[in-house]
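Each structure below appears as C-alpha cells.
Both of the next two complexes hold chain A, though its partner changes from chain B to chain C.
For the complex of A and B:
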C-alpha cells in the first residue's frame, strides 16, 4: 500500500486544510467562526440536501449567524469562542458514529475543535477542515506549556515564561496547537527580528 | 517456527474442529494479542502446506495455543489434512504469532462482526477486551444452526435460515462516537459490512477487516526470475510463492493470504495479464507489482525481480 504523501511543508503533523466537501453521512456537524462561516455557506450552497441532517455550531460568528440560519440546518447553536469546548461537548454527547464534521475558520478554532473531537473518540478520517481568515496560530510553549492564541509573528514572546519562541510547523493534534521552542537557547539574547507568519 | 505438540482435538461444530498445541516440555509459549494468527505447517505426502489460522485461546494463557479449523472439502487440502491426519500426540511446526488484525486500543468501544468461521480472531480479542474492561459488542452471523460454535457470554447470534438475519443498518446506526468496527468473514460479507458502514458515514480509520485468502488454482504459467536467473513453471494447484520455494529461491512471506504485504514483488516484464487476488496492492501499483502468495498470471511469460 502507498505511504501517505509528505505535506507541502515536509511536516507530517502539519494539518492539511482543503475546501469542505460533503461525504456520505448519517448526520453532519459544521463548526465555524466568523471568517469560516463563508466556507460553511459554500458547502450548504453546493449540497443543500445535507442541511436537514446538519447541526451548525457558530463561535462568535456575528453577522454570519443569520446567513447560516437561512440555510435551514436541523439545528443551529451559537456560542462565544471562549465557550467552544463545552458547547461542542454537549453536541457530541448525543452523537453516533456516522457523523461527519466540517470545521472552518482560524487555525486556533480548527485546532481547538479538532482536539475536542478526537478526545471524544471521533477518528480523524471523519473530520475535514478549511482554513479561512488570518494566518495567526495557536501556539504551545514547549518549556512552560502556556498556550498562546492568535500568534502572528515568528519568533513571539511566551506570555507564560517570557522566552522568545521560534514558531515551528510541528503540530500537536491532542493540544490543537503548534509548538514554540526557545530560539536563543544556544546564544542567549540573540533573537532575530520578528516576522509576520505567512500561512 | 517452533515444534509444538498437538494435545487436544475436539469438534466445535460439524465442520469446525478446535486444535490445542502445547510446548513438548510444557514450557510457556510467547504471549500474543487477540487477532493474531499462526502459520501451521503440514507435511501432506510430498506437498508441504502452510496455512494461517487465527488463535482463539486466551492471549494471556501461555500454557497453549488453540486454533479452529473449518473443513473445506473444495479447498487445496490443508484443512482436510488437519481434520483427517492431525492427531493428538503429533509434534507439528507452528510459526510465532503474527497480528494483522489488532484491536485499536484508542477506541471508546469495539463492534465486532463475524461471519461463519470468521468468528475465530474475535474469540481471542474478547478475552483481551474483558481484561481491560473495554466495552464491546460481538455479532456472529451464520447461515444455519449447523455452523454455530460456542460463543462468549453476551454475544449475539444471527441465523439467516431461521429468519434472524443480521440487521446491519440497525447495528451500525446506533453506535456511540469513538466506536471502531472490526469484521472478519467471507469476502462478500466483509464488503457488505464495510460498504454499509461507509455509506452511513463511518470513516476508513474506524474500519478494520481481515480475510485470509487461499491461493486460487488456475492454468499453469511460466515465470522468469531475473535475479536468480531461473525460469520455472507454476503448477495449476501451486501458488507462485510455493513454486519459488520449490525452486530454492528465497522469497519473503508472512501471511501467505494476500493481506500482509511481505511477499510484494516487482514485475520487470509482463507478456500477458496478472490476476491480482490480494488485498494489499493499490490499483496504481498493480501494473508493476505482484503478490506471489495468491496472485497468478495468464500469458506467455512473467518476469519478476526474484
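For the complex of A and C:
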C-alpha cells in the first residue's frame, strides 16, 4: 500500500522535487530550460555512462546548450519554450519501453513537461523532476480555466477573466498547474495587496 | 409507498423545501454533542424503515427537481461530467448497479427488463423508456455513467484501483461542497484530499484508503459527512464561487433560520464487479436551521457541535465568517438538557 507524501515540504498534491538520479534504463530523456540545465550537467557529471543513451531536449536554454552538448549525449534537440509540447511529442513518438525521464527547471517547465509525459502514458515512477530557478508558478483559473504562466504574486489577476485569484494549495499533475480561486467572491472589490510567492 | 415530487428550485428563487416527513428522515450527522474527524464507516445494508439508509439509492421528494438542476448545471458546464478512457467499463458497472438496485427497491417507479444484452429501462418519474444493448455505448444517448447519473440523485465519483491507491478517474459532480472534478480528475486519494486540514496528520486518509480498497462486491459501506451552505444550493462548486460567494454574506439574525442550511452527505462505497473500480456516490441532503430545530434533540446538539468546533475546521467547511450568527441563533434552542446517544430524534 502506498503512503501519503510527507507534508513537511508542502501539501499532499504538490509534487516533491529532488535532485535527479540516474536509474537503470534502456534510454534516458533529459528536459530542461536555462535554469534547469545545470541540474542536467550535474547528472551527466555523476553518471557520464548514461549520456550515450540519452536524448537532451533544451527549451530556450541559451548559453547552456554548448555545455550540455559537450557532455556528448546521443542526441540534443533545441526548442523555443513555446514549442515544448510538439518537440516532446516528436521525441516520445520514437520512444521505447524502459525510458527514464529527467526534467529540470522552472515550475512551469516541469508542470508542462510532466503533464505531457503522463498524457502520453509514461508511468509516474519513470519521471523525476528537480526545481531550479524562480519560484514562479503555473496557475489554472478554476472559473474560466485560463492557464497563466510565471505567476510570482498571490493574489494575481487572471489574464482570462480578469478576476483576482488566490493560490489554493492544490496542484494537478494532469494540468501541470496550481489552482487559482477568486479571492473577493464573497466581498467583491476587497482584494488584499499581492505578496511575492516565496517557494 | 407513495412519493410526491416537489416543484422547487436550487437556485434563483430557491423554492426548495422539506416536508415534515422529509425533516424527520433527514440524516442528522452527529451522534454526540461534539465533532471531530473519524473513519466513521459502517456497512450499507439497509436501516430503519423510512430512513435514508433503508434503500441502496435513496429516492425522495426532491428527486425530479434535483435532476432538473443537474441538467441546468451540465448545460452551463459540460466538464462537470468526465470519464477518462479506461473508465468506460466502470461506467457500465455503475449503470447496472443503479438500475438493478432501483428497480428492485422502487418497483413502482423504476423497471428493468433484461433479455440477454437487450435491456429495457423505464423511469416513470422522469418519463424515460429506453431500450439499449448492455456494454454497447452507441445504443445510449450519453456514456453509461452520464446516462444513469442524470437519473440518480447525488454526485458520483468513480474510482480506479491500482498501484495500491484509488484514482479519481471519472465522475458526475454537480452538487459538490467546493471541489472541482475538472481539476481533481486523475488524482489519487491523497492528492485530491490535499486541501483538507488536520486529517492527514491524524492518519485518517491512510486508514480510510485501506478500508476502501478492501470493500467487496455486495458488501457496500457508508458514512456521513457534513458542511454548511447558505441557501439550498446544490451547485456550490469552485467554478461558480463568484455566484454563490456573495450569498454567504447575506445572513442576518432575522433570516438565518431560513437561509442557513445544514448540508449532509451520505457517502456510500460500492465495489464494481467487472472493472474492480469503486463507485463513490455522494448524496446531498439539505435542511434549514429552522427545520432542524423542530427536532429538539437536534437543535440542542447542533448548537453544542458548532459552538465547540475548532476554527480551522469551520474555515475549511467555509462558514467561519457566519459561525457567531449560527451559534447565537442555535443557542435559543439549547436549554442545556442532556441529549440521548445516536443520531435519531427522540
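Going forward, the second predicted complex is superposed on the first by the 193 of 199 C-alpha atoms of A that agree within 3 Å, B and C clash if a C-alpha of one lies under 4 Å from a C-alpha of the other, contacts with A are read in each partner's own complex, and residues count from 1 in each chain.
Everything below uses one rule, namely that a contact is a pair of C-beta atoms (placed from the backbone, for glycine too) under 8 Å apart; a residue touches a chain by one contact, two chains touch by 3 or more.
Treat the numbers as computed from the prediction; the structure is a model and nothing was measured.
Within the superposed three-chain arrangement, the count of touched residues of chain A is higher for C, of the candidates chain B and chain C.
After overlaying the two complexes on the shared chain, residue contacts for A:12 are found with chain C alone; chain B is out of touch.
In the superposed model, A:174 lies in contact with chain C only, and not with chain B.
Using the contact criterion defined above for the overlaid structures, shared-chain residue A:92 touches chain B, although it does not reach chain C.
Residue contacts after overlaying the shared chain place A:142 against chain C, while chain B stays out of touching range. In the superposition on chain A, A:163 makes contact with chain C only, while chain B stays out of contact range.
In the superposition on chain A, A:189 makes contact with neither chain B nor chain C.
Residues 1-2 of chain A are contacted both by chain B in one complex and by chain C in the other.
Those residues of chain C that touch chain A in the shared complex are 163-165, 180, 182-188, 190-195, 200-201, 205-206, 209-210, 213, 238-242, 245-246, 248-249, 321. In the complex of the two chains, the chain A residues touching chain C come out as 1-5, 7, 11-14, 118, 140, 142-143, 145, 163, 168-175, 179, 181-182, 185-188.
Across the complex, chain A is touched by residues 106-108, 172-181, 198-206, 261, 280-282, 284-285 of chain B. Put simply, chain A touches chain B in their complex at residues 1-2, 23-27, 92, 95-100, 120-126.
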